[in-house]
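Across the two complexes that follow, chain A remains constant while its partner is chain B and subsequently chain C.
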Partner chain A sequence: MANAFVAAFEILSFGAIIVLIVLGLGIIASMMGIFNFAQGEFVLLGAYITYLAYAKGLPIWAGMVAAPFLVGALGFVLEALIIRRFYAAPIVAMLGTYALGLIIRESVRGLIGGFYLTVPEPIGGSIDIGAMHISAWRFTIIVITLLVMGGCYLLLARTSFGLRVRATLENPSLARASGISTPLIYGATFAFGAALAGLAGALIVPVFSLFADLGLRFLIQGFVAVMVGGVGSFIGPVAGAGVIGTLSAALPWVMAPVVADVLVFVLAIVFIKFRPQGLIAGKGV
Partner chain B sequence: MPKAMGAVKQAVPAEIGGETHVATGSSRTAAKVVAGRKVLPIVEGVVLVAALLAPLVLQDYLTVFATRVIILALFALSFDLVWGYAGIMSFGQALFFGSAGYGVALLARDLDITNIFVVLPAGTLIGLTFALLLGGFLLLGRHPSSVIFVSLGTLTGSYAADRLARGWYYLGGQNGIPSIAPMSLGGYEFSEGPTFYYLVLGILVVVYLLCRFLVRSQFGLALAGLRENEQRIAFFGYKAQHLKAIIFAIGGAIAGLAGSLYAFHEGFVWPNMVGVVVSTQVVLYVLFGGSGTLIGAVIGTVIVEGVSFWLSDNYRDIWPIILGLLLLLVILFRPLGLISFVLGERERVGSFGAKVKENFKEKRNAP
Partner chain C sequence: MFDRPQLSRRRFLSNFAFATGAVATGVGSWVIPAEWANAAEGPIKVGIATDLTGPIAYAGNADANVAKMVIKEINNSGGLLGRPLELYIEDTASNESVAVGNVRKLIQRDKVDMVLGGITSSMRNAIKDPIVARGKTLYIYPQLYEGKECTPYLFCTGPTPAQQCDEFIPWLIKNGGKKFALPSANYVWPHTLNVYARKVIEASGGEVVFEEYYPLDQVDFSSTVNRIISNKVDVVFNTVIPPGVGPFFKQLYEAGFLKNGGRLACVYYDENTLNINQASEIEGLASCLDYFKVLTKENPFDAKIQAAYEKDFPGNFLFAAGSAATGTYRGLKLWEAAVKEAGKIDRESVAAALDHAKIAEGPGGPAEMVPGKRHCKMKMYTAVAKGGNYEIVARSNGLVDPKEC
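== the complex of A and B ==
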């Protein structure tokens, strides 16, 4: 019983992390049709900012709060300078964002060297439920993920900004004709996606520690999750992330980790092949 | 049929016209094109002569490095064929490169087979088989797959293979397979040095000529059409997906050949060889040099590897950053790569088959 509960918690917390990372990726892919290869590096930047705050003696949570804003601002600037040119060509966008990611990743590698740098958890210790102990910080991540998911949903579904974003997604030329500044919406969406990645990076750095290839690790999982969930909606990538995150955390409990690792990807690709529209088809929220 | 071909011919530059400037009617462009007609053979000749002379002027350790570059150029050629000519974004080309490398390494380790006439065909066959399987799955089927799906599918395949190689004890795990016996022919062993260099250069030249023939044939014309507008090619009655799968398999075979040479040249294989790192590396080579021209892939490899070797002593840390910046600049401002500085658009697109050529000239002189 206790074991099963711990396993379930592990699976849930890893699923939450993947959802958190995929949120930004999914929003950018759905709203703008761009598979952002630099998303992993935005995660890395968020982690790095948190580490910097910690290294400078500031409280860790200050770094965690600052990370999404700084990364979001960077995303806004990059969108205006570079990403904007790629909208018409999805493959060129992949290559361009890959180049951006390379620049960011190698810069961070230059700054931190080849080390694994640890950042302590701002909320340490464990929560005891009877005889079982679960990590307080992982629990916090789950809670924050739920809050962020809810917030994103409300933002897209209930606010006038969300309406504009959805209008731009649905029919850009009609949106422009209705007086919506689509370039601004794209810029804001990209910045928002980047900010979510920054937040994800800031939250996971105590769990995974900081190293230059941190983002790369999640990038491909993120892409697969977005494709499985279905591009074009908000809820699709989240569902995909839930499935991929749960599978990659659950399968190693029942089979050899190597096999499980590969099996998740194979299953995902086969699934996408036969259901290209993903789990949840359709546009909108 | 010739009429249809003419239509494609016309359509190709029209599609490209969006990014570069091909005006069929303008005499100025025409003059430039005629003047630029002979650039490609000159570039190819210069590269070949330079490659032939390289071991004579280079020190021994540089010859070893040059051999590695030639092998990687062969690998780049395979990616260029798939992306530059058929427009299939293969982000997992290293899967075929690396699996062939692992395959021949296992042959050498477990079965003591190092005969060049066995291992190279075996490596090629491994690359071909994997490419047929993956390409067949990703590209064929009732519904044509989206470009995004194919690129992410190949990327995922390569990543999964990397994880598998890292975790599988039989393949040596993280360390890969070290100290592979050298490739042999009878009693002779190919060790690093000028002989190995000329061997791989010879293979590169042969493969290059085969590719050149292929992309200038009717098949190549269909591929070019496929790259520019897949739907239109399908409307002409071509089985677009089959064409794609064929070129993908050929690309895989060449990558496999390169991978087996690489394994024997370096003397070891390790998980990165199948993974995302090498997969993206080859994309860099081709984008730098210029996709859609075979020689561009070779030049790109030589430049990227050469500069990285040259800078690695003093600027090891900042080189990848510079590489990223340069790549971004190339993508933004020179989407056709460095080769486009000397090579005109008309010549890059080129002509296909004798009949079409005449048809084409007629059209040029008409207005």
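== the complex of A and C ==
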């Protein structure tokens, strides 16, 4: 019983981490039609900013709060300078964002000297329930993920900004004709996606430590999650991330981890073969 | 309208040629010429091929620094056989195909007399043939590894499984317990090391509760941690590598493994890897290597080379055993001794002398090659992490045999 509870918690917490990482990726893919290969590096930047705050002696939570804003601002600038030129050619956009990611990743690798660096949790230690110990920080991540997910949903579904974003996605020319500044909306959406990645990086760095390939590690899983969930809506990629995250954490409990690692991808491919539109089809929130 | 200077085809081609040239030569090529030259024969050329860029660049740069330090020291004391040493450094870039190309440059273009380098086993396997067989050059491999490398003209100066397990595992059984878990990354070093470790564990009265392999980029170990806790494992003999090892140790800590008296053990842990976790998460972690920085307190020679290194190369790249820096030092000094004995620099004579070369002083103590085995006897130390530093808790009596080949 206790064992099952711990297992459920650990699987849930890893699922939450993947959801957190995929949120930004999914919003950019669904709302803008861009597969942002630099998303992993936005996660890395969020982690790096948190580390910088720690290294400079500032409180860690200050770094965690700053990370989404700084990464979001960078995303806004990059969209205006580079990404904007790619909307007509999504394949080129993949290459372009990949190059961008490579530049960020290798710069960070240079800055941290290729090391693996620890960042302590603002809320450390474990919560003890009887003989069971569950990580306090992982629990915090689950809570924050739920809040952020709810917040994003409300923003896209209930606010006028969300309405404009959806209008721009659905029919850009009509949106422009109705007086919506579509370039600004694209810029804001991309910045928002980047900010979510920055937040994800800031929150997961105490769990995984800081290293240059931190974002890359989750990028492929993130894309598989988006494919499984379905592109076009907000909730699709989130559902996909929940499934992929839970599966990759759950399978090693019942089989050899090396097999489990491959099996997640095999299952995803089979699923996409029979349901190419993904778990949740259609556009909208 | 304005006229842009036309990018002619010729101009484009010449730019392109320059760019590809720059990429191909790489920023990783270094030559450190000798400051004086013997008129008759010119300098002796030493080649270093190591990972200056890529994921293990921290280790490769430390090794290159050690080589610069040792070569400078030899040159300052008059060189070898009256000739100065010239150092050629090439980047293996943690990429075997790039490495083979760069190593060929060392052999064919620079015509070096010896190559030292390679950190991972896959790198050694990729570059040994271009060096030893086709290149007909001497090769020294400086890193701790899984053993079983018995290629002629290839000399290993880092610790082997026997050196890292024979005294360490009995110590772990005494200071941890009998039930071992072997969580491992899925590649050649853990697989081969575990075969040896399991033999020693069972021969010393311990038992292996489980041995399991993970993908190299796995970062979530909840099921593993759960098995370790529920099987009441005493010693986690870890061969999971970064990036997985940080989250793994953290999850073990959070699950109460250390609180319940569990012992972490990891034979590649040195000063570089201490920063992957909070000090409290790896309190009591035991490692067994040929050198720890804390030895500088008791061993004047270690204090001397550590100080010399830190003076020349302050910064992030540490003089540490797990990144092959000590093996590099030992390898170069053994080679120096061999060249002195041989009195010439051709491969046959130097290899014959290197086969039984000895140095009285090196990192962690003296070292000597085991004749006919091309592996190195050295002193081994067991150290335990305490509050973010190591403390030596056990040491070998004299030099430990590598038991290879």
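Rule of thumb we're sticking to: the second predicted complex is superposed on the first by the 285 of 285 C-alpha atoms of A that agree within 3 Å, B and C clash if a C-alpha of one lies under 4 Å from a C-alpha of the other, contacts with A are read in each partner's own complex, and residues count from 1 in each chain.
Convention: a contact is a pair of C-beta atoms (placed from the backbone, for glycine too) under 8 Å apart; a residue touches a chain by one contact, two chains touch by 3 or more.
This one's a predicted model, so the numbers in the text were calculated from it and none came from an experiment.
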- request: Name the contact category of A:212: first (chain B only), second (chain C only), both, or neither.
  value: second
Tell me the contact category for A:65 with respect to chain B and chain C: first, second, both or neither.
neither
Just checking: does A:10 make contact with chain B only, chain C only, both, or neither of them? Give me first, second, both or neither. second
**Message:** With both complexes overlaid on chain A, does A:52 touch chain B (first), chain C (second), both or neither?
**Reply:** neither
Exercise. Could you tell me if A:90 is touching chain B, chain C, both of them or neither one (first, second, both, neither)?
Key: first
- So, does A:280 touch the first partner chain B, the second partner chain C, both, or neither? neither
*Just chain B (first), just chain C (second), both, or neither: which does A:265 touch?*
first
Pick one for A:248: touches chain B only (first), chain C only (second), both, or neither. second
Exercise. So, A:114: does it touch chain B (first), chain C (second), both, or neither?
Worked result: second
Interface residues of chain A shared by chain B and chain C, listed 109, 256-258, 261
The answer for chain B against chain A in the complex is residues 89, 91, 137-138, 141, 143, 145-149, 151-153, 155-157, 159-160, 163-164, 166-168, 276, 280, 283, 287, 317-318, 320-321, 323-325, 327-328, 331-332, 335
The residues of chain C that touch chain A in their complex are 54-58, 186, 212-215, 217-220, 222-224, 226, 230, 242-243, 246-247, 250-251, 254-256, 272-273, 275-278, 316-317
The chain A residues in contact with chain B across the complex are 35, 82, 85, 90-92, 94-96, 98-100, 102-103, 106-107, 109-110, 216, 220, 223-224, 227, 256-258, 261-262, 265-266, 268-269, 272-273, 276
In the complex, chain A touches chain C at residues 3, 6-7, 10-11, 14, 109, 113-118, 120, 124-126, 133-135, 207-209, 211-214, 217, 248-249, 252-253, 256-258, 261
